[in-house]
Amino acid sequence: MNPPRARDLALTAPALLYLTVFMIIPLLLMLYVSMLERAPFGGVIWGDHTGVAYQKLLFERDLAGNLSFNGDYIAIFARSFRLAAITTVLTLVISIPTALYMTTLSRRRAAFVLFLVTVPFWTNLLVRNFAWILILRNGGTLDQGLQWLGLTRESLDILYTPLATGIGLTYSFLPFMILPTYVALERIDKRLIEAAFDLGADRWRVLSRVVLPLAMPGILAGAILVFVPCLGAYVSPELLGGGKSLMIGNLVQAQFGASRNWPFGAALALVLVAVLMLALLLWRFLQRRMVRTA
Amino acid sequence: MPEQNLLSGRGNAFIAMAALVFLYIPIVTLVALSFNQNDLTTIWSGFSTKWYAAVLDNSDILRATKNSLIVAAVATALATATATATALGVVRSSSAHRGGVEGLLSLPLLVPEIVTAVALLMLFVLTGMPLGLLSVILAHTVFCIPFAYYPIRSRLAGLDPALIEAAADLYASPWKRFVRIELPLLSAGIFAGALLSFISSLGDFVITYFVSGPGSTTLPVYIFGMIRTGVTPEVNALSALFLLASVVMITVAFVITKRVADVARAGPAP
Amino acid sequence: METAIAISGVRKTFRGSSLAALDGVSLNILKNEFFTLLGPSGCGKTTLLRMIAGFENPDEGGIAIDGIVMGSTPPNLRPVNTVFQSYALFPHMSVTQNIAFALEMLGRPRDAIRRRVAEMIRLLRLEGLSERTPAQLSGGQQQRVALGRALAPEPKVLLLDEPLSALDLKLRKEMQIELKRLQMATGITFVFVTHDQEEALRMSDRIAVMRDGKLMQVGRSTEIYERPANLFVAEFIGDANFLPAVCVERNGVGGRFRLSCCGEAVVELIVADANNIATGAKAVLVVRPERVSLAPLQSALLHGEVPEAIYSGSDLMLHARLVDGTLLRVRLSGAVDVPELVGRNAGFAMTGEAVRAFAV
């Protein structure tokens, strides 16, 4: 391949410039802000560098000025992690059978199902979560349905619980997982599967020894595609979780709303990014191990 | 594929159907309830379209819609032009160049929206830029560029380089080659990219929530505000309308890209 | 005859490759001739063609078209047009628009364009197809549109890059005749690239045989066939028999060679052109199957058993085995009686001028 010609560089320059100015620099700015002191009514005081924001993640000061360990924020991170992990696993569990089913369909049918799966993905996240409010609230359609069927007598009180957040997250991110899973399964050379059956393997063997390992890289990619945004989710926990299942996203937003602690908000966002980078590195590591054992 | 059927039986089919139902029940519920006559929303009392009338009559909603459309249109225009230029600059370039460009371009898609939102807020406030339509447009362009880019790039990659050579061979200058051959053949990709970009911009909430100001409320931000104050039938109707618009747009995008792909696939006959 | 294209000392190595794609190629292509670049894949023929068109530039050496050195002139400024192997028809344009494209680029007036397009449609028998898009045409039709598109601007030279390779056999043979006819009718210099030696022999005025970026031989078809300049050309073009031998004696231009194929018996042949092979040196004698004739056993030069005879109407091809197992292919007229020969020993003869000698 030739080195990039001047013309090519000129063509890509606008995008590179734009993203540097509006993505890289803001991120760097955020890093810098996290090391400044908060100003009383929001914003920051330029000049003094301090690690106060980061300190706040783990410690708090009482009125006498003593530092003590504060596990609240860690708990929120842990909860976010847990919810994101559960959501990822749930979407995986739903996606694999769904995608397997889709591979049995004719090309046209499969394309149609793919279309059906994609449509919710492109509609507004707020609206979709709002629909769940209607369903999960006391006296909402779920309660009405179950009571009408005679299965329950009172409201289930699902809305504004971590369960509701989990349902919302799973719902929001399911298409993110079905698509890559289907693509990964569809890509497998059919002859390998035929050969496996020819050699006498039963369905489970074929699935676990041939199909899933081959599709694993694509499936893992889907898992990352779900986990990453899920960890930083804002809408589902905000609308469906009430104040009781705060995730990192809500915490960050609060720093720029009511709490007015910008450096802390920036610090939180950066820790989120760091956690995600770790997750991505873990994924890379797993991928490489998988390629080696394949 | 008969052999695939060995892999997937009724169990999988059931789960798949359940998944589809799961995906669509909320949407169907939302739309159905938007026609509810009373204002208790979830307790049905009769069919009515009055909430739609209320929505269409609400000047705040109309203004928010107008803002959304303006932002989406401008951001899409900027993003599509930039994405087209980028795709052209990368298609015959070294893999290092392409890797670098695509890496940077994929950042807005990889970084969680909340982080991007905060970072952009930092940028605007700390450089003294007022939070208004302009800040929203600039913010939206950031994620619209990658959305527009990938369909264009994939279409460009599928373009036979011999076609450009043939055009040159037939005396077309570089500019003419671009305008008469590359651009028309790319147009489906550009259209798809623009549409994806438009839909993402219209539907964006988190980033917009952070970088918009009082006069630059977009529809999602407005809806959020309404939901916060309580579940009302207007929100329901508005949400249903929004949903419908998204579905129509994505269907159009799907149909057009499919039709173009079919034409392109029907290459030289034996 | 004037020179249409002068190629001198052209060398090209592609980045990332250690072998030269073109290694010092010089040749002149004359005006109004049907010139073919022939060779196996990887020999550089397509690279050379693309260089004439301007899609590649030589590392060393130069190309002049109509006396004007091209240097790094881009393709859109060269008076040559190309018919691509994949046709490269513009999928979003109709047949008419495709054919008219070059003329539009050249800024010709609309009337002139319309007339010329109609001429091309007539010339290439594309009537009724003018509004179709390439996807709606058969392979043969697409090929003709590609031709029409390239011929419309009346180029000085038409370059054709294996244009017939995608066609089925029957269509291919028809197009070979059609192309030849077109070339003679328009008088345009055609430079044709193919790996099919039969096709080359059938269509060309002159052929350049290439291998590994070098010219193996350049000449008229009859010359290439009857008097191959080296073993590669002898083997690549047509069928040939290769008989190992040793040069026993030289007589001026010619010489006497002892064939190594016949075991104890001393079989010697006097060859008209000994190709400067030294006495005592090893050689290979090459003779075409149709120049070997049957001879009575007693006076025949070579004997062999005939296990196989392949009859194909006009021809009868014998696969004879000589004493040491060497295969001798003999092509006879189909009128010869087959059962007579198969399974028996037969005698073969050949004349001194029919044999070419090459040093090994």
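For reference, chains read A, B and C in written order, and residue numbers begin at 1 within each chain.
Just so it is clear, a contact is a pair of C-beta atoms (placed from the backbone, for glycine too) under 8 Å apart; a residue touches a chain by one contact, two chains touch by 3 or more.
Note that the coordinates shown come from a computational prediction; the quantities given were computed from them, not determined experimentally.
The leading chain pair by number of C-beta pairs in contact is A-B. Taking the mean of C-alpha positions as each chain's centre, the chain lying farthest from the centre of chain C is A. If each chain is reduced to the average of its C-alpha atoms, the one that sits nearest the average of all protein C-alpha atoms is B. Note on chain placement: the centre of chain A and the centre of chain C lie 63 Å apart, centres being C-alpha means. A straight line joining the Cα centres of chain B and chain C is 56 Å long. In whole angstrom, the spacing between the mean C-alpha positions of chain A and chain B is 19.
Residue positions 2 of chain A each touch two or more of the other chains.
Considering their complex, residues 53-55, 74-77, 80-82, 84, 86-92, 101-102, 105-106, 134-135, 137-139, 142, 149-150, 153, 166, 168 of chain C touch chain B.
Residue ranges of chain B in contact with chain A, taken from their complex: 1, 3-9, 11-13, 15-16, 19-20, 22-27, 29-30, 33, 41-43, 82-83, 85-86, 88-90, 92-95, 97, 101, 104-105, 107-108, 110-116, 118-123, 125-126, 138-139, 141-142, 145, 149, 199, 202-203, 205-206, 209-210, 220, 223-224, 227, 231, 235-236, 239, 242-243, 246-247, 249-251, 254, 258. For chain A in complex with chain B, the residues that touch the partner chain are 1-5, 7-12, 14-16, 18-20, 22-27, 29-30, 33, 43-44, 94-95, 97-98, 100-104, 111, 113, 115-120, 122-128, 130-135, 137, 139-141, 144, 171, 174-175, 178, 190, 193-194, 197, 203, 206-207, 211, 228-229, 231-235, 239, 248-249, 252-253, 256, 262, 265-266, 269, 272-273, 276.
Interface residues of chain B, counted against chain C in their complex, comprise 160, 162-163, 165-173, 176, 180-181, 184-185, 263-264, 266-270.
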